[in-house]
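Two complexes follow with subunit A in common, the first pairing it with subunit B and the second with subunit C.
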Partner chain A sequence: MNDTRCLAFLLMDAPFEQARTATAFRLIDATLRAGIGARVFAYEGAVSLSVTRQKPHANAIHGRTLEEEAHPTPHAWINALADLAREQGVPFDWVNCGLCVDERGADETVPAARRGSPADFWKMAQESINTLVIPTR
Partner chain B sequence: MRVLQIIESAYRATLEEQDDTVLWFTRALRAAGAQADVLLQGSAVSYAVRAQDARGLRVGAWQQVHPPAIAEEIAALIGSGARVAAIKEDLDDRGIAARQLVADVELLGRKSLAGLFGQYAHVWKW
Partner chain C sequence: MYAGQYAMGATVTRYLLIESRDPFGSTNFARCCELAAVLRADGADVALFLVENAVLGARTASRPQALEKLAKNGVQVLADEFALRERGIGSGEIAPTVRPVGLEMLIGLLADGARPTWN
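After this line comes the complex of A and B, so read on.
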(Lines of atoms letter the chains of each structure in order from A and count residues from 1; the text may use other names and numbers.)
(Lines give C-alpha, C1' and ligand atoms only; values in the text may rest on other atoms or scores of the structure.)
Protein backbone atom coordinates (compact mmCIF):
# COMPACT_ATOMS: atom_id res chain seq x y z
CA MET A 1 0.00 0.00 0.00
CA ASN A 2 3.04 2.27 0.08
CA ASP A 3 2.77 3.22 -3.59
CA THR A 4 -0.72 4.71 -3.26
CA ARG A 5 -1.63 7.98 -1.59
CA CYS A 6 -3.54 7.33 1.62
CA LEU A 7 -4.81 9.23 4.61
CA ALA A 8 -4.89 7.72 8.09
CA PHE A 9 -7.69 8.28 10.58
CA LEU A 10 -8.01 7.41 14.25
CA LEU A 11 -11.54 7.22 15.67
CA MET A 12 -12.41 6.85 19.35
CA ASP A 13 -16.15 7.28 19.74
CA ALA A 14 -18.75 4.57 20.09
CA PRO A 15 -21.66 4.68 17.64
CA PHE A 16 -24.56 7.15 17.86
CA GLU A 17 -23.97 9.23 21.01
CA GLN A 18 -22.32 12.17 19.26
CA ALA A 19 -21.86 13.78 15.83
CA ARG A 20 -18.17 12.93 15.41
CA THR A 21 -18.83 9.41 14.10
CA ALA A 22 -20.97 10.57 11.17
CA THR A 23 -18.49 13.38 10.45
CA ALA A 24 -15.61 10.92 10.42
CA PHE A 25 -17.41 8.58 8.03
CA ARG A 26 -18.20 11.52 5.73
CA LEU A 27 -14.52 12.51 5.73
CA ILE A 28 -13.46 8.95 4.92
CA ASP A 29 -16.10 8.74 2.19
CA ALA A 30 -14.84 12.02 0.68
CA THR A 31 -11.27 10.71 0.85
CA LEU A 32 -12.13 7.57 -1.10
CA ARG A 33 -14.24 9.51 -3.64
CA ALA A 34 -11.20 11.72 -4.25
CA GLY A 35 -9.25 8.63 -5.23
CA ILE A 36 -7.19 8.55 -2.05
CA GLY A 37 -6.91 5.45 0.11
CA ALA A 38 -8.01 5.41 3.74
CA ARG A 39 -6.51 3.63 6.71
CA VAL A 40 -8.65 3.69 9.84
CA PHE A 41 -7.65 2.73 13.37
CA ALA A 42 -10.55 2.27 15.79
CA TYR A 43 -9.60 2.88 19.42
CA GLU A 44 -11.73 2.60 22.56
CA GLY A 45 -15.49 2.72 21.84
CA ALA A 46 -14.93 3.03 18.09
CA VAL A 47 -14.29 -0.72 17.90
CA SER A 48 -18.06 -1.11 18.31
CA LEU A 49 -18.61 0.57 14.95
CA SER A 50 -17.78 -2.64 13.10
CA VAL A 51 -19.92 -5.02 15.17
CA THR A 52 -22.31 -6.99 13.00
CA ARG A 53 -24.85 -7.59 15.78
CA GLN A 54 -26.12 -4.02 15.33
CA LYS A 55 -29.73 -4.28 14.20
CA PRO A 56 -31.91 -1.69 12.49
CA HIS A 57 -35.36 -1.21 13.96
CA ALA A 58 -38.78 0.08 13.02
CA ASN A 59 -39.82 3.42 14.52
CA ALA A 60 -43.37 3.58 15.88
CA ILE A 61 -43.01 7.26 16.80
CA HIS A 62 -42.30 8.01 13.17
CA GLY A 63 -44.95 5.54 12.01
CA ARG A 64 -42.40 3.76 9.86
CA THR A 65 -41.73 0.06 9.34
CA LEU A 66 -38.31 -1.51 9.59
CA GLU A 67 -37.84 -1.15 5.84
CA GLU A 68 -39.20 2.41 5.71
CA GLU A 69 -37.11 3.62 8.64
CA ALA A 70 -33.87 2.29 7.09
CA HIS A 71 -32.05 2.79 10.37
CA PRO A 72 -28.34 3.50 9.93
CA THR A 73 -25.89 1.01 11.39
CA PRO A 74 -22.17 1.86 11.37
CA HIS A 75 -21.09 -1.66 10.41
CA ALA A 76 -23.06 -1.22 7.19
CA TRP A 77 -21.23 2.06 6.62
CA ILE A 78 -17.88 0.26 6.95
CA ASN A 79 -19.04 -2.31 4.38
CA ALA A 80 -20.09 0.57 2.13
CA LEU A 81 -16.69 2.24 2.50
CA ALA A 82 -14.96 -1.04 1.62
CA ASP A 83 -17.17 -1.36 -1.48
CA LEU A 84 -16.48 2.27 -2.45
CA ALA A 85 -12.73 1.73 -2.10
CA ARG A 86 -12.94 -1.30 -4.40
CA GLU A 87 -14.90 0.72 -6.97
CA GLN A 88 -12.35 3.51 -6.78
CA GLY A 89 -9.42 1.11 -6.91
CA VAL A 90 -7.83 2.53 -3.76
CA PRO A 91 -6.78 0.82 -0.52
CA PHE A 92 -9.05 0.67 2.50
CA ASP A 93 -7.94 -0.75 5.81
CA TRP A 94 -9.88 -0.84 9.08
CA VAL A 95 -8.04 -1.99 12.21
CA ASN A 96 -9.70 -2.42 15.59
CA CYS A 97 -7.62 -2.10 18.77
CA GLY A 98 -7.64 -5.72 19.91
CA LEU A 99 -7.58 -5.02 23.64
CA CYS A 100 -10.48 -2.58 23.22
CA VAL A 101 -12.39 -5.33 21.37
CA ASP A 102 -11.79 -7.78 24.21
CA GLU A 103 -12.89 -5.30 26.88
CA ARG A 104 -16.18 -4.74 25.07
CA GLY A 105 -16.83 -8.25 23.75
CA ALA A 106 -17.01 -6.59 20.33
CA ASP A 107 -15.45 -9.41 18.34
CA GLU A 108 -18.19 -10.18 15.79
CA THR A 109 -17.20 -7.71 13.12
CA VAL A 110 -17.50 -7.07 9.40
CA PRO A 111 -14.92 -8.83 7.21
CA ALA A 112 -13.28 -5.52 6.35
CA ALA A 113 -12.25 -5.00 9.98
CA ARG A 114 -9.17 -6.69 11.36
CA ARG A 115 -7.66 -6.89 14.81
CA GLY A 116 -4.51 -4.94 15.62
CA SER A 117 -2.64 -2.77 18.09
CA PRO A 118 -1.28 0.80 18.41
CA ALA A 119 1.74 -0.42 16.43
CA ASP A 120 -0.59 -0.80 13.43
CA PHE A 121 -1.69 2.81 13.84
CA TRP A 122 1.94 3.91 13.91
CA LYS A 123 2.55 1.97 10.67
CA MET A 124 -0.56 3.55 9.12
CA ALA A 125 0.67 7.04 10.04
CA GLN A 126 4.11 6.35 8.61
CA GLU A 127 2.67 5.06 5.32
CA SER A 128 0.11 7.86 4.87
CA ILE A 129 0.45 11.39 3.59
CA ASN A 130 -1.30 12.72 6.69
CA THR A 131 -3.15 11.53 9.77
CA LEU A 132 -6.25 12.85 11.50
CA VAL A 133 -7.00 11.91 15.09
CA ILE A 134 -10.68 12.45 15.97
CA PRO A 135 -10.70 12.11 19.75
CA THR A 136 -13.66 11.59 22.02
CA ARG A 137 -14.74 14.24 24.49
CA MET B 1 9.20 10.93 12.50
CA ARG B 2 8.45 13.00 15.62
CA VAL B 3 4.90 13.12 16.98
CA LEU B 4 3.48 15.49 19.57
CA GLN B 5 0.49 14.14 21.48
CA ILE B 6 -1.59 16.95 22.99
CA ILE B 7 -3.75 15.72 25.86
CA GLU B 8 -6.53 17.97 27.12
CA SER B 9 -9.30 15.67 28.40
CA ALA B 10 -8.33 14.53 31.87
CA TYR B 11 -9.44 11.58 33.97
CA ARG B 12 -11.63 10.24 31.15
CA ALA B 13 -11.77 6.46 30.66
CA THR B 14 -8.90 5.92 33.09
CA LEU B 15 -10.23 2.50 34.03
CA GLU B 16 -10.05 1.11 30.49
CA GLU B 17 -6.28 0.61 30.57
CA GLN B 18 -5.96 1.48 34.28
CA ASP B 19 -4.15 4.50 32.91
CA ASP B 20 -5.02 7.52 30.79
CA THR B 21 -5.79 5.92 27.42
CA VAL B 22 -3.73 8.45 25.47
CA LEU B 23 -0.71 8.18 27.77
CA TRP B 24 -1.02 4.41 27.40
CA PHE B 25 -1.31 4.74 23.62
CA THR B 26 1.75 7.02 23.59
CA ARG B 27 3.81 4.45 25.44
CA ALA B 28 2.61 1.80 22.96
CA LEU B 29 3.60 4.02 20.02
CA ARG B 30 7.04 4.56 21.54
CA ALA B 31 7.41 0.80 21.99
CA ALA B 32 6.66 0.50 18.25
CA GLY B 33 9.47 2.93 17.45
CA ALA B 34 7.67 6.29 17.38
CA GLN B 35 9.41 9.39 18.71
CA ALA B 36 6.29 10.53 20.56
CA ASP B 37 6.23 13.33 23.12
CA VAL B 38 3.37 14.71 25.22
CA LEU B 39 2.01 18.18 25.84
CA LEU B 40 -0.49 18.50 28.69
CA GLN B 41 -2.97 21.33 28.42
CA GLY B 42 -6.19 22.42 30.06
CA SER B 43 -7.40 20.09 32.79
CA ALA B 44 -4.81 17.48 31.79
CA VAL B 45 -2.00 19.55 33.36
CA SER B 46 -3.18 17.89 36.60
CA TYR B 47 -1.68 14.67 35.26
CA ALA B 48 1.77 16.06 36.07
CA VAL B 49 1.00 16.48 39.79
CA ARG B 50 2.99 14.01 41.91
CA ALA B 51 0.55 13.57 44.79
CA GLN B 52 -2.33 11.68 43.19
CA ASP B 53 -4.10 8.71 44.68
CA ALA B 54 -6.93 6.97 42.82
CA ARG B 55 -7.23 4.05 45.24
CA GLY B 56 -10.54 3.18 46.83
CA LEU B 57 -12.86 2.19 44.00
CA ARG B 58 -15.17 -0.52 45.32
CA VAL B 59 -18.38 -1.89 43.84
CA GLY B 60 -20.06 -4.34 46.19
CA ALA B 61 -17.46 -6.96 47.08
CA TRP B 62 -15.36 -6.07 44.06
CA GLN B 63 -12.39 -3.78 44.63
CA GLN B 64 -10.07 -2.15 42.10
CA VAL B 65 -6.64 -3.66 42.77
CA HIS B 66 -4.56 -1.62 40.34
CA PRO B 67 -6.02 1.87 40.08
CA PRO B 68 -4.67 4.28 37.50
CA ALA B 69 -1.40 5.83 38.72
CA ILE B 70 -1.15 8.73 36.31
CA ALA B 71 1.84 10.47 37.89
CA GLU B 72 3.80 7.20 37.77
CA GLU B 73 2.84 6.78 34.12
CA ILE B 74 4.10 10.30 33.38
CA ALA B 75 7.36 9.52 35.16
CA ALA B 76 7.71 6.25 33.21
CA LEU B 77 7.12 8.08 29.96
CA ILE B 78 9.85 10.58 30.82
CA GLY B 79 12.06 7.69 31.90
CA SER B 80 11.66 6.14 28.45
CA GLY B 81 13.13 9.28 26.89
CA ALA B 82 9.94 11.14 26.04
CA ARG B 83 9.59 14.86 26.48
CA VAL B 84 6.56 15.73 28.62
CA ALA B 85 5.54 19.36 28.91
CA ALA B 86 2.67 21.23 30.55
CA ILE B 87 1.31 24.66 29.73
CA LYS B 88 2.32 27.07 32.48
CA GLU B 89 -0.76 29.28 32.22
CA ASP B 90 -3.03 26.24 32.66
CA LEU B 91 -1.09 25.22 35.77
CA ASP B 92 -1.31 28.77 37.13
CA ASP B 93 -5.08 28.88 36.48
CA ARG B 94 -5.46 25.78 38.65
CA GLY B 95 -3.13 26.91 41.42
CA ILE B 96 -0.64 24.14 40.68
CA ALA B 97 2.96 25.08 41.52
CA ALA B 98 6.02 23.72 39.74
CA ARG B 99 7.25 22.13 42.99
CA GLN B 100 4.17 19.82 42.95
CA LEU B 101 5.04 18.27 39.60
CA VAL B 102 6.68 15.03 38.58
CA ALA B 103 10.41 15.59 38.00
CA ASP B 104 11.52 16.73 34.55
CA VAL B 105 8.11 17.87 33.32
CA GLU B 106 8.80 20.98 31.24
CA LEU B 107 6.77 24.15 31.69
CA LEU B 108 5.94 25.95 28.47
CA GLY B 109 4.16 29.24 27.95
CA ARG B 110 1.38 29.45 25.38
CA LYS B 111 3.45 31.80 23.24
CA SER B 112 6.02 29.06 22.72
CA LEU B 113 3.54 26.56 21.27
CA ALA B 114 3.86 27.57 17.60
CA GLY B 115 7.59 27.01 17.79
CA LEU B 116 7.02 23.71 19.58
CA PHE B 117 4.59 22.46 16.92
CA GLY B 118 7.16 23.30 14.26
CA GLN B 119 9.48 20.66 15.73
CA TYR B 120 7.08 17.80 14.92
CA ALA B 121 6.00 16.00 11.75
CA HIS B 122 2.62 15.26 13.33
CA VAL B 123 0.69 17.08 16.06
CA TRP B 124 -2.22 14.96 17.28
CA LYS B 125 -4.74 16.64 19.56
CA TRP B 126 -6.65 14.17 21.73
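After this line comes the complex of A and C, so read on.
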Protein backbone atom coordinates (compact mmCIF):
# COMPACT_ATOMS: atom_id res chain seq x y z
CA MET A 1 0.00 0.00 0.00
CA ASN A 2 1.25 3.53 -0.75
CA ASP A 3 1.13 6.54 1.54
CA THR A 4 -2.38 7.59 0.59
CA ARG A 5 -4.67 7.94 3.60
CA CYS A 6 -6.93 4.93 4.14
CA LEU A 7 -9.86 4.03 6.33
CA ALA A 8 -10.32 0.45 7.52
CA PHE A 9 -13.71 -1.21 7.79
CA LEU A 10 -14.70 -4.50 9.34
CA LEU A 11 -17.98 -6.01 8.19
CA MET A 12 -19.70 -9.04 9.68
CA ASP A 13 -23.12 -9.36 8.06
CA ALA A 14 -24.10 -11.73 5.30
CA PRO A 15 -25.89 -10.09 2.38
CA PHE A 16 -29.64 -9.33 2.52
CA GLU A 17 -31.99 -9.53 5.52
CA GLN A 18 -30.68 -6.33 7.13
CA ALA A 19 -29.71 -2.75 6.25
CA ARG A 20 -26.14 -2.71 7.54
CA THR A 21 -24.70 -4.13 4.33
CA ALA A 22 -26.14 -1.36 2.16
CA THR A 23 -25.01 1.32 4.63
CA ALA A 24 -21.52 -0.19 4.73
CA PHE A 25 -21.22 -0.13 0.95
CA ARG A 26 -22.45 3.48 0.92
CA LEU A 27 -19.78 4.39 3.46
CA ILE A 28 -17.01 2.68 1.50
CA ASP A 29 -18.22 4.38 -1.67
CA ALA A 30 -18.21 7.78 0.09
CA THR A 31 -14.70 7.06 1.35
CA LEU A 32 -13.36 6.40 -2.13
CA ARG A 33 -15.15 9.43 -3.58
CA ALA A 34 -13.50 11.54 -0.88
CA GLY A 35 -10.14 10.44 -2.28
CA ILE A 36 -9.41 8.21 0.69
CA GLY A 37 -8.42 4.58 0.28
CA ALA A 38 -10.54 1.81 1.78
CA ARG A 39 -9.38 -1.42 3.38
CA VAL A 40 -12.21 -3.84 4.08
CA PHE A 41 -12.00 -6.94 6.23
CA ALA A 42 -14.96 -9.24 5.73
CA TYR A 43 -15.52 -11.38 8.80
CA GLU A 44 -17.99 -14.17 9.46
CA GLY A 45 -21.13 -13.77 7.31
CA ALA A 46 -19.65 -10.87 5.36
CA VAL A 47 -17.38 -13.29 3.45
CA SER A 48 -20.51 -14.20 1.47
CA LEU A 49 -20.61 -10.69 -0.01
CA SER A 50 -17.95 -11.49 -2.59
CA VAL A 51 -19.23 -14.88 -3.75
CA THR A 52 -19.43 -15.04 -7.55
CA ARG A 53 -22.28 -17.55 -7.56
CA GLN A 54 -24.80 -14.87 -6.59
CA LYS A 55 -27.24 -14.48 -9.47
CA PRO A 56 -29.91 -11.85 -10.03
CA HIS A 57 -33.38 -13.04 -11.00
CA ALA A 58 -36.52 -11.80 -12.71
CA ASN A 59 -39.75 -11.21 -10.82
CA ALA A 60 -42.60 -13.11 -12.44
CA ILE A 61 -45.10 -12.09 -9.75
CA HIS A 62 -44.66 -8.41 -10.59
CA GLY A 63 -44.04 -9.04 -14.27
CA ARG A 64 -40.47 -7.76 -14.31
CA THR A 65 -37.73 -9.16 -16.50
CA LEU A 66 -34.24 -9.83 -15.25
CA GLU A 67 -33.13 -6.43 -16.45
CA GLU A 68 -36.17 -4.61 -15.08
CA GLU A 69 -35.89 -6.24 -11.67
CA ALA A 70 -32.19 -5.26 -11.50
CA HIS A 71 -31.76 -7.39 -8.40
CA PRO A 72 -28.61 -6.28 -6.57
CA THR A 73 -25.74 -8.70 -6.05
CA PRO A 74 -23.08 -7.58 -3.55
CA HIS A 75 -20.22 -9.10 -5.55
CA ALA A 76 -21.05 -6.64 -8.34
CA TRP A 77 -20.88 -3.83 -5.77
CA ILE A 78 -17.41 -4.97 -4.70
CA ASN A 79 -16.26 -4.93 -8.31
CA ALA A 80 -17.75 -1.45 -8.71
CA LEU A 81 -15.88 -0.22 -5.63
CA ALA A 82 -12.64 -1.63 -7.01
CA ASP A 83 -13.28 0.20 -10.30
CA LEU A 84 -14.06 3.42 -8.44
CA ALA A 85 -10.85 3.15 -6.43
CA ARG A 86 -8.87 2.77 -9.66
CA GLU A 87 -10.59 5.83 -11.15
CA GLN A 88 -9.85 7.82 -7.99
CA GLY A 89 -6.27 6.56 -7.81
CA VAL A 90 -6.63 5.37 -4.23
CA PRO A 91 -6.04 1.97 -2.64
CA PHE A 92 -8.80 -0.56 -2.25
CA ASP A 93 -8.29 -3.87 -0.49
CA TRP A 94 -10.98 -6.45 0.29
CA VAL A 95 -9.92 -9.35 2.48
CA ASN A 96 -12.11 -12.28 3.50
CA CYS A 97 -11.35 -14.11 6.73
CA GLY A 98 -10.13 -17.50 5.49
CA LEU A 99 -11.61 -19.72 8.19
CA CYS A 100 -14.95 -17.93 7.81
CA VAL A 101 -14.76 -18.67 4.06
CA ASP A 102 -14.03 -22.35 4.71
CA GLU A 103 -16.87 -22.93 7.14
CA ARG A 104 -19.33 -21.29 4.76
CA GLY A 105 -17.98 -22.76 1.53
CA ALA A 106 -17.71 -19.20 0.20
CA ASP A 107 -14.51 -19.73 -1.71
CA GLU A 108 -15.49 -18.69 -5.21
CA THR A 109 -15.07 -14.97 -5.03
CA VAL A 110 -14.56 -11.98 -7.29
CA PRO A 111 -10.94 -11.13 -8.13
CA ALA A 112 -11.17 -7.92 -6.09
CA ALA A 113 -11.44 -10.03 -2.93
CA ARG A 114 -8.53 -11.99 -1.47
CA ARG A 115 -8.25 -14.53 1.30
CA GLY A 116 -6.65 -13.57 4.58
CA SER A 117 -6.97 -13.79 8.33
CA PRO A 118 -7.68 -11.57 11.34
CA ALA A 119 -3.98 -10.69 11.28
CA ASP A 120 -4.74 -8.80 8.06
CA PHE A 121 -7.37 -6.79 9.89
CA TRP A 122 -4.86 -5.87 12.58
CA LYS A 123 -2.44 -4.77 9.84
CA MET A 124 -5.20 -2.78 8.09
CA ALA A 125 -6.04 -0.98 11.31
CA GLN A 126 -2.37 -0.21 11.94
CA GLU A 127 -1.93 1.24 8.45
CA SER A 128 -5.15 3.27 8.32
CA ILE A 129 -5.98 6.65 9.79
CA ASN A 130 -9.10 5.23 11.45
CA THR A 131 -11.10 2.02 11.69
CA LEU A 132 -14.85 1.43 11.76
CA VAL A 133 -16.24 -1.90 12.92
CA ILE A 134 -19.85 -2.56 11.93
CA PRO A 135 -20.88 -5.41 14.21
CA THR A 136 -23.62 -7.89 13.58
CA ARG A 137 -26.49 -8.42 15.99
CA MET B 1 -4.31 13.81 31.70
CA TYR B 2 -7.31 11.66 30.77
CA ALA B 3 -9.31 11.36 27.58
CA GLY B 4 -11.34 14.50 27.03
CA GLN B 5 -9.46 16.65 29.50
CA TYR B 6 -8.41 19.91 27.90
CA ALA B 7 -5.38 21.91 28.89
CA MET B 8 -2.93 24.11 27.05
CA GLY B 9 -1.39 22.04 24.30
CA ALA B 10 -3.68 19.05 24.90
CA THR B 11 -5.99 17.70 22.23
CA VAL B 12 -9.70 17.27 22.94
CA THR B 13 -10.83 13.72 22.28
CA ARG B 14 -13.49 13.41 19.62
CA TYR B 15 -16.09 10.66 19.52
CA LEU B 16 -18.41 9.60 16.73
CA LEU B 17 -21.34 7.54 17.99
CA ILE B 18 -23.20 5.93 15.10
CA GLU B 19 -26.67 4.76 16.07
CA SER B 20 -28.61 2.55 13.66
CA ARG B 21 -31.44 1.24 15.83
CA ASP B 22 -34.79 2.94 16.18
CA PRO B 23 -35.63 4.41 19.59
CA PHE B 24 -38.79 2.36 19.97
CA GLY B 25 -37.65 -1.21 19.37
CA SER B 26 -35.00 -1.36 22.06
CA THR B 27 -33.35 0.64 24.83
CA ASN B 28 -30.07 0.84 22.90
CA PHE B 29 -30.92 4.24 21.45
CA ALA B 30 -31.39 5.68 24.94
CA ARG B 31 -28.17 4.03 26.14
CA CYS B 32 -26.31 5.59 23.22
CA CYS B 33 -27.67 9.03 24.14
CA GLU B 34 -26.57 8.49 27.73
CA LEU B 35 -23.08 7.60 26.54
CA ALA B 36 -22.98 10.73 24.37
CA ALA B 37 -24.00 12.85 27.36
CA VAL B 38 -21.36 11.32 29.63
CA LEU B 39 -18.59 11.76 27.07
CA ARG B 40 -19.63 15.35 26.48
CA ALA B 41 -19.75 16.07 30.21
CA ASP B 42 -16.22 14.67 30.38
CA GLY B 43 -15.11 17.39 27.98
CA ALA B 44 -14.99 15.47 24.71
CA ASP B 45 -16.30 16.63 21.34
CA VAL B 46 -19.14 14.28 20.51
CA ALA B 47 -21.13 13.68 17.33
CA LEU B 48 -24.16 11.40 17.37
CA PHE B 49 -24.86 10.20 13.83
CA LEU B 50 -28.24 8.58 13.18
CA VAL B 51 -28.44 6.08 10.32
CA GLU B 52 -31.04 3.56 9.13
CA ASN B 53 -34.02 3.26 11.48
CA ALA B 54 -32.43 5.48 14.12
CA VAL B 55 -33.53 8.47 12.01
CA LEU B 56 -37.09 7.71 13.12
CA GLY B 57 -36.04 9.35 16.36
CA ALA B 58 -35.18 12.56 14.50
CA ARG B 59 -38.82 13.46 13.78
CA THR B 60 -40.25 16.47 15.58
CA ALA B 61 -43.39 14.49 16.36
CA SER B 62 -41.66 11.55 17.97
CA ARG B 63 -38.17 12.54 18.95
CA PRO B 64 -36.83 11.35 22.25
CA GLN B 65 -36.23 14.26 24.63
CA ALA B 66 -32.66 13.04 24.95
CA LEU B 67 -31.74 14.41 21.52
CA GLU B 68 -32.75 17.95 22.45
CA LYS B 69 -30.81 17.74 25.69
CA LEU B 70 -27.73 16.45 23.88
CA ALA B 71 -27.84 19.26 21.33
CA LYS B 72 -28.23 21.87 24.09
CA ASN B 73 -25.13 20.46 25.76
CA GLY B 74 -23.06 20.74 22.61
CA VAL B 75 -23.38 17.30 21.08
CA GLN B 76 -23.61 17.45 17.30
CA VAL B 77 -26.73 15.46 16.36
CA LEU B 78 -26.65 14.42 12.70
CA ALA B 79 -28.94 12.23 10.60
CA ASP B 80 -28.30 10.45 7.30
CA GLU B 81 -30.38 12.37 4.77
CA PHE B 82 -30.67 9.29 2.56
CA ALA B 83 -32.18 7.30 5.44
CA LEU B 84 -34.60 10.17 6.15
CA ARG B 85 -35.73 10.24 2.49
CA GLU B 86 -35.99 6.44 2.41
CA ARG B 87 -38.45 6.63 5.30
CA GLY B 88 -40.44 9.51 3.85
CA ILE B 89 -39.37 11.97 6.54
CA GLY B 90 -39.55 15.41 4.95
CA SER B 91 -37.48 18.41 5.99
CA GLY B 92 -40.47 19.92 7.78
CA GLU B 93 -40.76 16.91 10.05
CA ILE B 94 -37.19 16.84 11.32
CA ALA B 95 -36.45 18.21 14.78
CA PRO B 96 -34.56 21.52 14.57
CA THR B 97 -31.74 20.16 16.74
CA VAL B 98 -31.02 17.41 14.20
CA ARG B 99 -28.97 18.22 11.12
CA PRO B 100 -29.55 16.10 7.99
CA VAL B 101 -26.25 15.41 6.25
CA GLY B 102 -24.75 13.02 3.74
CA LEU B 103 -22.54 10.09 4.70
CA GLU B 104 -19.54 12.04 3.45
CA MET B 105 -19.85 13.99 6.71
CA LEU B 106 -19.42 10.74 8.64
CA ILE B 107 -16.38 9.87 6.53
CA GLY B 108 -14.97 13.33 7.21
CA LEU B 109 -15.34 12.81 10.96
CA LEU B 110 -13.57 9.45 10.69
CA ALA B 111 -10.80 10.95 8.60
CA ASP B 112 -10.35 13.67 11.22
CA GLY B 113 -9.72 11.03 13.84
CA ALA B 114 -12.98 10.83 15.77
CA ARG B 115 -13.21 7.57 17.71
CA PRO B 116 -16.18 5.68 16.29
CA THR B 117 -18.65 3.24 17.74
CA TRP B 118 -21.52 1.59 15.90
CA ASN B 119 -24.69 0.43 17.58
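Going forward, the second predicted complex is superposed on the first by the 136 of 137 C-alpha atoms of A that agree within 3 Å, B and C clash if a C-alpha of one lies under 4 Å from a C-alpha of the other, contacts with A are read in each partner's own complex, and residues count from 1 in each chain.
We adopt the following convention: contacts are C-beta pairs under 8 Å (C-beta built on N, C-alpha and C of every residue); 3 or more make two chains touch, one makes a residue touch a chain.
No experiment lies behind these values; they were computed from the predicted model shown.
J.: Now for A:F121: first (subunit B), second (subunit C), both, or neither, which partner does it touch?
T.: Only subunit B; A:F121 stays clear of subunit C.
J.: Could you tell me if A:A70 is touching subunit B, subunit C, both of them or neither one (first, second, both, neither)?
T.: In the superposed model, A:A70 contacts neither subunit B nor subunit C.
J.: Scan A:L27 for contacts with subunit B and subunit C and give back first, second, both or neither.
T.: Once the two structures are laid over each other on A, A:L27 reaches subunit C alone.
J.: So, does A:A19 touch the first partner subunit B, the second partner subunit C, both, or neither?
T.: second
J.: Let me test your reading of the model: by the given contact rule, A:R5 touches which partner, first (subunit B), second (subunit C), both or neither?
T.: After superposing on A, A:R5 lies in contact with subunit C but is clear of subunit B.
J.: Classify the contacts of A:P135 with the two partner chains as first (subunit B alone), second (subunit C alone), both, or neither.
T.: In the superposed model, A:P135 contacts both subunit B and subunit C.
J.: Which parts of subunit A are touched by subunit B and by subunit C alike?
T.: The answer is residues 131, 133, 135 of subunit A.
J.: Using the touch rule from the top, collect the residues of subunit A that touch subunit B in their complex.
T.: Touch residues, subunit A against subunit B: 10, 43-44, 99-100, 103, 117-119, 121-123, 125-126, 131, 133, 135-137.
J.: For the complex, give me every residue of subunit A touching subunit C.
T.: Residues 5, 7, 19-20, 23, 26-27, 30-31, 33-34, 36, 129-135 of subunit A touch subunit C in their complex.
J.: State the interface residues of subunit C toward subunit A in the complex, per the touch definition above.
T.: My answer: residues 18, 20, 51-53, 80, 82, 102-104, 106-108, 110-111, 113-114, 116, 118.
J.: Quick check: in the complex, which residue numbers of subunit B touch subunit A?
T.: 1, 3, 9, 12-13, 16-17, 21-22, 25, 28-29, 31-34, 122, 124-126
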